[in-house]
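Below are the structure tokens for one structure; questions will follow.
A, B and C label the chains in the order they appear, each numbered from 1.
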Amino acid sequence: MASRSRLSQAQAAWLLLTPFLATYALFLVYPFFRGVWISLHDWNLLAVAFNPDAKEFVGTRNYERVMWGKDITWSLFNAPILQTLGLVGLVLSVFLRRMNRLSRFNAIALGIVSVLLVFLPGFHPGEGGRWYDRRFWPTVGNTLVFVAFAVPGVTISALLLAAALNRETRAMGALRTLFFLSQVLSVTVVTLIWQIMFSPRQGLIANITETLGGTPINWLTDQQFAMAAIVIATVWWSLGIAMILFLAGLQDISKDIYEAAALDNARGWKAFWFITLPNLTRTISVVVILQIILHFQVFGQAHLMTQGGPNDSTQVLVRYIYQTGFRDSELGRASAMAVFLFLIMGSFSIIQFVIGREKG
Amino acid sequence: MKYVLLGAAMAAGVATMAPAQEITLGRFFGACEDAGTDTTTSDGEACIIQSIINAADAELDGISINTLPTDWGNYYDQVKAAYAGGTPPDVHVMHRHRVPEFAGLGALAEISGELEGAGIDASDWSPAALDAVSYNGGIYGVPMDFHANLWHVNMDLMEEAGLVMDGKPVLPTSPDELLAHAQQFKDATGQDYLAADFAQFPIGVRVVLALMWQQDANIFTDDGTATINNEAGQNAVTAITQLFDAGLANPQLNYADSQQAFLNGEAGILVNGTWVVDFYTAEAAKEEVGLDNYYVADFPTLFETGATWADSHMWAIPSSLEGEQRAAALKVLAFINDHNIDWARTGHMSVRTSVVESAEYQALPHRDEYTGTAAIARDTPPSARYGAIQDVLNRELQAIWLTDKPVETALADAEIEVQDLLDR
Amino acid sequence: MNRSYYWLVLGISIPAFLWLVPTIWMVSLSFQPNEVLARTTSSTFFGLIPLPFTWDNYAALFTFGQTPWWFLNSIIVAVGMTLGVLFVSTTAGYVLARMEFPFKRTVMVICLIGLMVPEQAVFIPLYTMFAEFGWHNSYHALILPRMAVPIGVFLMMQFFKAIPKDIEEAARLDGVTWLKIFWYVMLPLARPAMMTLAILTFLYAWNDYLWPLVSAQQREYFTITLGLASIQSNFAQSEGLGRVMASGVIASLPVVILFLIFQRYVVQAMTAGGSKG
């Protein structure tokens, strides 16, 4: 034993850390800074590939061209609904905090979201002005709409299923498997299935509608339904992991509480509402934030099912980045958008981290 | 004896192991995995081109061809990514409209000096074909076809609607007549007069472009000024929207759905390209398909001048290709060029004078019905941003017919965005 | 088991069946002749029952198809990525959970920041970087960028933290080296968490679309996700709906089977990992 050279604790630690630090530095840290650097250049994908000097430093112009416009002004009632909602939220957060109905963290979170709601939608082009890139903010909006429907859709159905299936029997196990099954399909299989499902001529949904005497909906080419179609396919696809996480959370709730509650006649829905939900708040917030991060990066569904259409109504941020970079060859602009994506994702991650710290 | 046998076996091994030049080939047109090597009997774009490629692989000594799978939607993104990554395919198909973008950056090989040596007779190409592959005085590819928008006609339905005369469909000569025909058609058959992909793939854009050219207008000028929001643009759009407004056509069908509607006998006319003529001919011959009596017509002139959207498929090789690999790639180009008649079977128009004049070409099904198309073929002025411009138009036009965006607002928005693209 | 339990099972069986319908439909379409599908997709009971029936689509796939090859690529990439992530995450997770060394806090903070960088935000610089290295169209190009996942490190770190210290300390008193403790003592204990991480990574790798789309242009390196996307386009008329659906089934079948075999471990593992994480 003694003859063997022995690593000190620190040496062993660094040795074991090396694989991670190396991949991390090479494939995440470096690319990230490189991305920021690219975003400060006029950088044509093909031109730079053929001539490395073909890029030109342009400072923040890419950001300006993507996110700003000519004669942009701010006013309070540009988007009345959103901004009013924001004002209400702001008042609520102060009021509820005063009344001690909200924790400090939640009050601050609600407050920040509200301020952003009042502030951001207030920007608009003034007289004779315009956004330099008319598609960027609508694209961000579409992504938010997708997230706003997909995340609650997945979370609520996964939660209900988990609560119903939280029993150790053979039948329940089989049903759990069944609901998880679609999660293992690749995104292209999912879009393949749902593209045909939604087809107004060949689709199963249309066939059934017609048999019942209705007129089939043009799901993927009707602006009212295209986003809904993508959300439906997404919920179908990605419910599994959320359900499993909820099942895990449910098992941490002690059986005694339910038994005690049953004595007070709290069963079924009542038990779900008064016991399951309050005991599951942390799991719910983890699931919600993981889903937000996941779905904010949606690409395949929109790219394959609707190609961003009709009329750009399902154009999402990552698809716009991909198009700007690889169809239009404008890596500089695309990288500026990617940095924006990072900022949004980063703020969600911080929230997730803080929630984990506060309650975990 | 044993040694002799061994030596012979080794010699044989060496002979068959002669280093085959592997050529990677990029193309769209869709997959056809069981195309075989008989170039004269395959059907449809995908299988015809694949059979030609398979034949080249089998017949060209010392060359083996590896076809890269590429779907339509991501084709140019992927080719670009491959070029930028330094691994472009040795031979790839492209449209003429992409030449300014790729050749402008020096991505494509200039091959005018090598054509003859490879056995390609450029003088057999029609002047328009030579023009299609030329850029700044150089030749950057081998043209394969002209393809254009046609009107595919269901003659039984047209007959029922009283729109057939002397065995030919009676097609409109003005927007008003278009509406009148469509109404007459609906009254007689209960079906939609016209179908096309207005919802996804930019067939609708190509229809509107054609109608603008028919008024001697264009979406932008050669010097880079967008000219979309004007009377010509509005006339072109309203010629189509009047059909939607009157419920005589459905703007929500995509490519597959509009095609299905036509094949099922639910639409009198389908606006689509030359690439489906042989496919529809084969379908019409089938008992169970709704379409029985199929006819192909030139895109009718609704305004002053005849015009229809057209483009060219061509084959190019990257400028980085050198030596034997380049020679092998040129051989593949020559082989494809030699099989131009086989490719024409799809319905595309040939680029080679000798083929166009051949009896075999003229005897292709329905070929005599759209002889006028070559003369009216048009496209937008060359631009390195062709793809993005088409996308802007597609979005704004979809906004008009799918979401009731006012025509003038949509065209004004399109003009601003196209101008932005031209200015970049 | 009382009566309400059976009502519950029955009640959930209905949505469960609806949940399965799209999959059943895909399988059913894949067994119908293309000529029939070109006209109607609802021959027998909305097309959910494959009548008229044919094996042709599958026969064609196995005779000419690239699907099996793409499938193999997906397996290579997914397994490679899973092993890589497991290696990187267990080593780093263990160190951060159990060992003391200078700059530990700094390393932790740097990892935390890394959690915030989404892959989709760095695919462009990664693309240009790999282009400069000439790495595109290779297995390592598909695998390496996805190995830098701090989330895996955190998952493992949380897990290692929860393991009682006395086992390890006993071993250390016996003079066992750190590396041996890690390998022989801690890793076997970490099996459930590793399983969770492995499954999540495998699924992630299997579904990765954007990165292969920009990195792989040659058939040799197409994954099944990418390959299937390439035959979905509108213009693939020659393929026929039945054939495309058969490709979808072939692409899914092995993972589904794999999942059905391992699902007990998957669910258990995730449950264990979830409650601790």
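By our rule, contacts are C-beta pairs under 8 Å (C-beta built on N, C-alpha and C of every residue); 3 or more make two chains touch, one makes a residue touch a chain.
Heads up on the chains, UniProt names are A = Lactose transport system permease protein LacF; C = sn-glycerol-3-phosphate transport system permease protein UgpE.
The structure displayed is predicted, hence computed values, not measured ones.
**Q** Quick one: name the chains whose C-beta contact count is the highest of any pair.
**A** A-C
**Q** Which chain's mean C-alpha position is the greatest distance from chain A's?
**A** B
**Q** Measuring from the mean C-alpha position of chain A to the mean C-alpha position of chain C, what distance in angstrom results?
**A** Averaging C-alpha atoms per chain gives centres 19 Å apart.
**Q** Any idea how many Å lie between the Cα centroids of chain A and chain B?
**A** Going by mean C-alpha positions, chain A sits 38 Å from chain B.
**Q** Can you list the residues of chain A that touch 2 or more other chains?
**A** Residue numbers touching two or more other chains: 48-49, 202, 303, 322, 326.
**Q** When you check chain B against every other chain, which residues touch at least two of them?
**A** Correct list: 73, 77, 81, 84-86, 200, 254, 256, 260.
**Q** If I count partner chains per residue in chain C, which residues reach a count of at least 2?
**A** Within chain C, the residues that touch at least two other chains are 127-128, 131, 213-214, 229, 232.
**Q** Spell out the part of chain A that touches chain C in their complex, as residue ranges.
**A** 1, 4, 6-7, 9-10, 12-17, 19-21, 23-24, 26-32, 34-35, 38, 48-49, 161, 164-165, 167, 169, 171-172, 175-189, 191-197, 202-204, 207-208, 211, 236, 241, 244-245, 247-249, 251-252, 283, 293, 296-297, 299-300, 303-304, 318, 321-322, 325-326, 331, 334-335, 338-339, 341-342, 345-346, 349-350, 353
**Q** Taking the touch rule as given, give the residues of chain B at its contact with chain A in the complex, in rising order.
**A** Residues 73, 76-77, 80-81, 83-86, 101-102, 105-107, 199-200, 252-254, 256-257, 260-261, 385, 387-388, 391, 394-395, 398-399, 402-403, 405, 413, 416-417, 420.
**Q** What residues on chain C touch chain B, complex-wise?
**A** So the residues of chain C touching chain B come out as 35, 38-39, 60, 63-66, 127-128, 130-131, 134, 136-137, 213-215, 217-219, 222, 227, 229-239.
**Q** Which residues of chain A touch chain B in their complex?
**A** Chain A reaches chain B through residues 44-50, 130, 132, 134, 199-202, 218, 220-223, 303, 306-307, 309-312, 322, 326-329.
**Q** Which positions of chain C touch chain A when the two form their complex?
**A** By the definition above, chain C touches chain A via 1, 5, 8-9, 11-13, 16, 19-23, 25-26, 29, 37, 40-42, 46-48, 74, 84, 87-89, 91-92, 94-95, 99-102, 104, 107, 110-112, 114-129, 131, 144-145, 147-148, 150, 153, 175, 177-179, 182, 200, 203, 206-207, 209-210, 213-214, 224-226, 228-229, 232, 241, 244-245, 248, 251-252, 255-256, 259-260, 263, 266-267, 270-275.
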